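Following this line, the structures themselves.
Paired with subunit B in one complex and with subunit C in the other, subunit A is shared by the two complexes that follow.
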Partner chain A sequence: MTVLRPATLAAALAARSEHPGALLVAGGTDAMVAINSGRLRAEVTVDLTGVGELASWSRSGSTIRIGSGLTYTRLIAELGDLCPGLAMASRTVGSPQIRNRGTVGGNVATASPAGDALPPLVAAGAVIELASTDGVRRVPIGAFLVGPKRSLLAPNELITAIELPVARGPQQFSKVGPRNAMVIAVCSLAVDVDVASRRVAVAIGSAGPTTLRALEAEAVASAAIDWTTGALGDADLARFAALVAQAARPIDDVRGTAAYRRHALAVLARRSLGWSLEALRRAVA
Partner chain B sequence: MVNGTARVADGVLESDSLLTMLRERLDLPGSKGACEQGECGSCSVYLDGVLVCSCLVLAAQADGHGVLTVEGLADGDRLDPVQQAFIDAGAVQCGFCTPGLVLAAHDLLGRHRDPSDLEIREALAGNLCRCTGYEKVLDAVRLALARRSR
Partner chain C sequence: MTRLVRSITEMEGRFEEKWVLVSDDEPEAWASDRPLAIVGHETPRTTGPTRVSGAARYTTDVSLPGMLHVAALRSPLAHGRVTGLNREAALAVPGVRAVLDSTDTLSFRSRSGPLYAEPEHAGALLAVVAADTLVAARAGVKALALTIDPLPFVIDVDEAFRDQRIDGEIAEESRGDVDAALAGADVRVELTVETPTQLQTALEPHGAVGWWTEGELTCWVSTQGIFDARSELAKRFSVAPERVRVVADFIGGGFGAKQGAGVEALLAVELSRRTGRPVRFINDRHGEQLDAGSRPATRQTVRLGATGQGDLVAIDSEVLTSFGMTGWRAVNTPAMTLYRCANARGVEANLKLHLRQGNAFRAPMVLEGVTAVEQAMDELAITLGIDPLDLRRRNFVDVDQPSGLPYTSNQLLACYDRVAELSGWVGRDALLEPSEDGLLRGMGCATQIWWGGGGPPSHATIRIGGDGIATVVTGIQDIGTGTLTAAQMVAAEELGLPLDRVRVTGGDTRPNVYGPVAGGSQTSPSVLPAVRGAAAEVKRTLLQLAGDVFEAAPADLDLVNGRFRSSDGALDEPYTEVTGKLGNATVDGSGMRGANPDGMRANTFGCQVAQVAVDPGTGEVRVEHVWAVHDIGRVINPLGARSQVEGGILQGMAFALSEEVAFDPTTGVPTNAWLDDYKIPSIADVPAMTIAFVDVPDTALNNVGAKGLGEPPIIPTPAAIANAFRHATGRRALALPLTRARVVETLA
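Showing the complex of A and B:
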């Protein structure tokens, strides 16, 4: 194995195009687990941690551009106000050691159905920026994630950034697991309330081949909420929760049964939208 | 740079982790290897001042960066206050998890003036103790905090 250590994005893209099969390593919290267990062998490895351009974020108007190499720890410290849902999800990832090293880009590239950064990004309608020596393309995250650990990333491409809007209202992320830390989600849920355009978006994690939107539930909630007061009737909230559970496509596995996941998602949906609307009512009061 | 000294390691395989390099090439066995999956924290070190699992860092990724291991924590014969608190609180049984826990506690004290019990637990969540002596570890952290605020 040869390790290439580009110091600029241009050099990283050149390395990627010269060695299309090369293994990219950012924080290594997924890649090194596979290498250490002998599941992964690469002739050529490209270390992305020396590429400064990837490790920062910026704001332009109402859009946040998160470099793929931004760690969870920095995201939590620096983007808690602008992207509260994503920051909440980041806080649930692993341990301090994992959050200090793991990156959002690595989570998106791994494309695990249990990736915790994915539900808030899907709910917010994030766009993945992909670059190669041929140029740059932008793909909505819903299209980028095509299945369990499968994405549209081409062998000569890098994820350079993730773009998402500054929060347009309350956001929530919640996750079910056997411990308060260091757990892969049994199921998870992100709620994104867009007050200006009067729409609720919901994304479901770890209960389908990839992160799923719950479009019917979103439509029902968006129509039923009284947007001037933030009020929502109990029956509508229950209907919303049931539709979220219906939108899931869970399986039975070692972490939980499909039936448990559906049940838990309904509970998370009811609570998350409830908390979000409470925050909205406080804001309008 | 390891513990303040420039070090050159020979015979490092490109696929080696920082943990393997420290233990097997640089004669620094303080950092422990157990799971090599990021789950147990016994391999914790500082990389450029940031607490990481050294089993998840490629040795090559540390080239040109600063590493601080548990061996570099004491000031000569004077133990770091966190190390002393672990001894005084009796927070060590077999000691396998101790280097990682000492570093995680040290990192917490560096980031927080007055962490709550919940914040202490959160800071140590990535460190497993097979002897399950967690209460004494919490005592040690509280002792180090109390001594610092005196």
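Showing the complex of A and C:
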């Protein structure tokens, strides 16, 4: 096995171009598990941890640009105010050791339906920046994630950054697992309330082939909320929750049944939107 | 004087009469009111820094020059017939030195296996490959290119029961007339509950390093019983026991599953004998979770009959266990012993299933039985409208009913009172008021019973020399419970020396000082009296020598905290004034555990209260607080004892909330035999724990007054949690664990 350790983005892109399909390792929290269990063999591995350009974030107006190599630990410490939903999700990832190593870019690249960072990114309408020696392209995350562990990442490309708007209102993330830490989500849910454009976005994790939006639920909530006060009737909240559950496409697996996942998503949806609007009402008052 | 007497010994409720060596010089039990300088005071374990710094050498860390590594081929089916194994291809892999499968004639005898041609459970060993490196061994396993034909299998309890796949005899025990008593009872309750298959999941997997040489067989084994391992190796390989040395310096947990040598040691030694090299066979985690044993699942129906005042008149218990093809029967022990009841019956059958053979797991069978009986008692209390703790107090019994014998000590009523006081039990209904966080709260209790009196044989020797250090040699192994620290404390107490002047060894059969298997909660009550006996002998000699040195009457001297003192206080000299004159001479003492008192039963007791918070939306159950009060006789080391209880509570909580082997019904193969999907608790799940002991020495049992604590703390936790869930929600889940989905279904 060959391990390449580029120190610059240019070198990383060159390596990727020279060895299309090489295994990319950032935090290694997915890759090393797969290698150790024998599920993954790679002739060439590109270790991205030496590429400093990937491990930073910046703000430009109302847009945050998160380098794909930014660890969860740094994200939690530095972006809690600007991207609260993503920070909440990051706090639920693994253990402190895993959060010290794991990166948001890795989570996006793995494209697991259970990826914790994905629902808040999908709800926020994040854009994935992909680079190769041929140039740079930007793909909305909803289009980027095409199936379980499948994405639009081309064999010669790297995820260089994730762009998302600074929170435009309350955000929530919640997750159900069989214990309180170190769990893969049985199901998860992100709510993103955009007060300026009077729009609610909701994304569902671990209950479908990929992270799902619940568009009908979003439309119902966005229309029913009194945006000047943050009020929402109980019936509308219940309808929102039911539509979220309907939008899920869960399966029965070792972690949970489809029926339980739908039930729990309705509960998470009702609570998450409820908490978000409570925050909104406090802000208005 | 040393004598041989006939006496009854006990291990996990199995009684046996045998010859026991006793000493007339054994010290009298410490009086209950005698103040002790070291025993009973919090003492950090001696090996703590070694363990946490990574310096401790476990079996898995043993590395010898030329050592071969073993990889295992396991059955991918619950039942099958091996049709092809390419041994030549495996042997052709560079670095591979030996391959064994079911066609090899092994040099040790085994009732079945250990390498199977027709495996009867998923994960059964089919072949092992030894190679210079683990990577090469794994490549060898792959090269074997197993082909296997599936055979029909049964893992479903209902199917097995319908087809009457019963293992051996159905066990039945009874007293009185249960049917008539049930029919005539003022109040009856009936409850059917299921308990899950739970895996021991020791941090260190099963494993051994075997080294067969001309002169000696040396085996490092992660085992709970070095002397059992030695006997097993000696017998199986027809070697004299004194030519077998078993070493277990540190053991990363066992929880009952690591008895004797184990198949890993047998195969490592076999491979070493064949290759002339030391051989290391350590289970990988998947192999461990598939094939190291389990607490078998049960389905239990309990019927209780009582008078309107709450006096039990009938206990009827029917149990189905899922041990695999064969197993033992003890689930009904609590039904037959826990409460005073003239009419009691227990029926117990094991179903023959294509599952890995169950084995001992911390309070085997008794935890399962208590989990059902104590939930039925809770239902009875609710039906009668009686406080659940009062119902238990009302039916307290101070004799072992099956034998009619009294207990050596029984502080259960004091446990009830103390746990009620600590937990605020009488005010528990206040938890039912709606709370701001929307969670449903409740409190439940459950009683614990277990043996844990220990017994002979157990030996210790102590030697002190010119350096003034007393070295205690035991034959026990510290599987993580801190028993060596307890032995150090007892020795220092009896000798009258500071703790740091005493060293304790164990985990090695070479000195040939026998210690019992770490099982049945017997280590402390077995070995500590032997240590005290050895210390008393050394002290007697030291006082004689002090008499010589100080020209005083030995009877007028005492050794206290490292100083010789005369009764009038005129003499007060450091003990090194005497030991310093020994030069290369040594003073030796030996001690042995005496017989248990005739006509009595030794048991431990306790009660735990759990408080849970249930999220009715997601089905999450959070254990917020557990209060535990146990009667284990004299508490030797309160710090170690509390730590032991904490571990028991967490393991019991996991049984109640998240641990459960899931099987693919179409293949019979466990689907979660990994640590990522088999959920033991994380630190974030740990509840608040309040732990106390009714610290009354059992002076009838042994000379230190201690009973065991390995098993007791796990026993009542699951039932206390299930009863707290019932209190919080008004519903009872008919199966454990209380997973999110099961809770949502139960509350629907």
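Following the convention adopted for this analysis, the second predicted complex is superposed on the first by the 285 of 285 C-alpha atoms of A that agree within 3 Å, B and C clash if a C-alpha of one lies under 4 Å from a C-alpha of the other, contacts with A are read in each partner's own complex, and residues count from 1 in each chain.
Following the convention adopted for this analysis, contacts are C-beta pairs under 8 Å (C-beta built on N, C-alpha and C of every residue); 3 or more make two chains touch, one makes a residue touch a chain.
Computed from a prediction, not measured in an experiment: that's the story for all the values here.
Of the two partner chains, subunit B is the only one touched by A:29; subunit C is not.
Contacts of A:186 after superposition: subunit C is touched, whereas subunit B is not reached. In the superposed model, A:45 makes contact with subunit B only, not with subunit C. Of the two partner chains placed around the shared chain by superposition, subunit B is the only one that A:100 touches, whereas subunit C remains out of contact. Once the two complexes are laid over each other on the shared chain, residue contacts for A:1 go to subunit B alone; subunit C is not touched. Contacts of A:58 after superposition: neither subunit B nor subunit C is touched.
In the superposition on chain A, contact of A:267 is made with subunit C only, not with subunit B. In the superposed pair of complexes, A:133 makes contact with neither subunit B nor subunit C.
Between subunit B and subunit C, the partner in contact with more residues of subunit A is B. Contacts of A:229 after superposition: neither subunit B nor subunit C is touched.
For the contact definition in use here, the residues of subunit A common to its subunit B contact set and its subunit C contact set are 95, 180-182.
Across the complex, subunit C meets subunit A through its residues 617-620, 622, 657-658, 662, 671-672, 676-677, 679, 681-685, 739-741, 744.
Interface residues of subunit B, counted against subunit A in their complex, comprise 13-15, 17, 36-39, 41, 44, 50-53, 55-58, 60-61, 63, 104, 107, 122-123, 125-127.
Across the interface of their complex, subunit C is touched by residues 95, 176, 178-184, 186, 254-257, 259-260, 263-264, 267-268, 270-271 of subunit A.
Subunit A contributes residues 1-3, 5, 25, 27-29, 32-33, 35-37, 41, 45, 47, 49, 73, 94-98, 100-101, 180-182 to its touches with subunit B in the complex.
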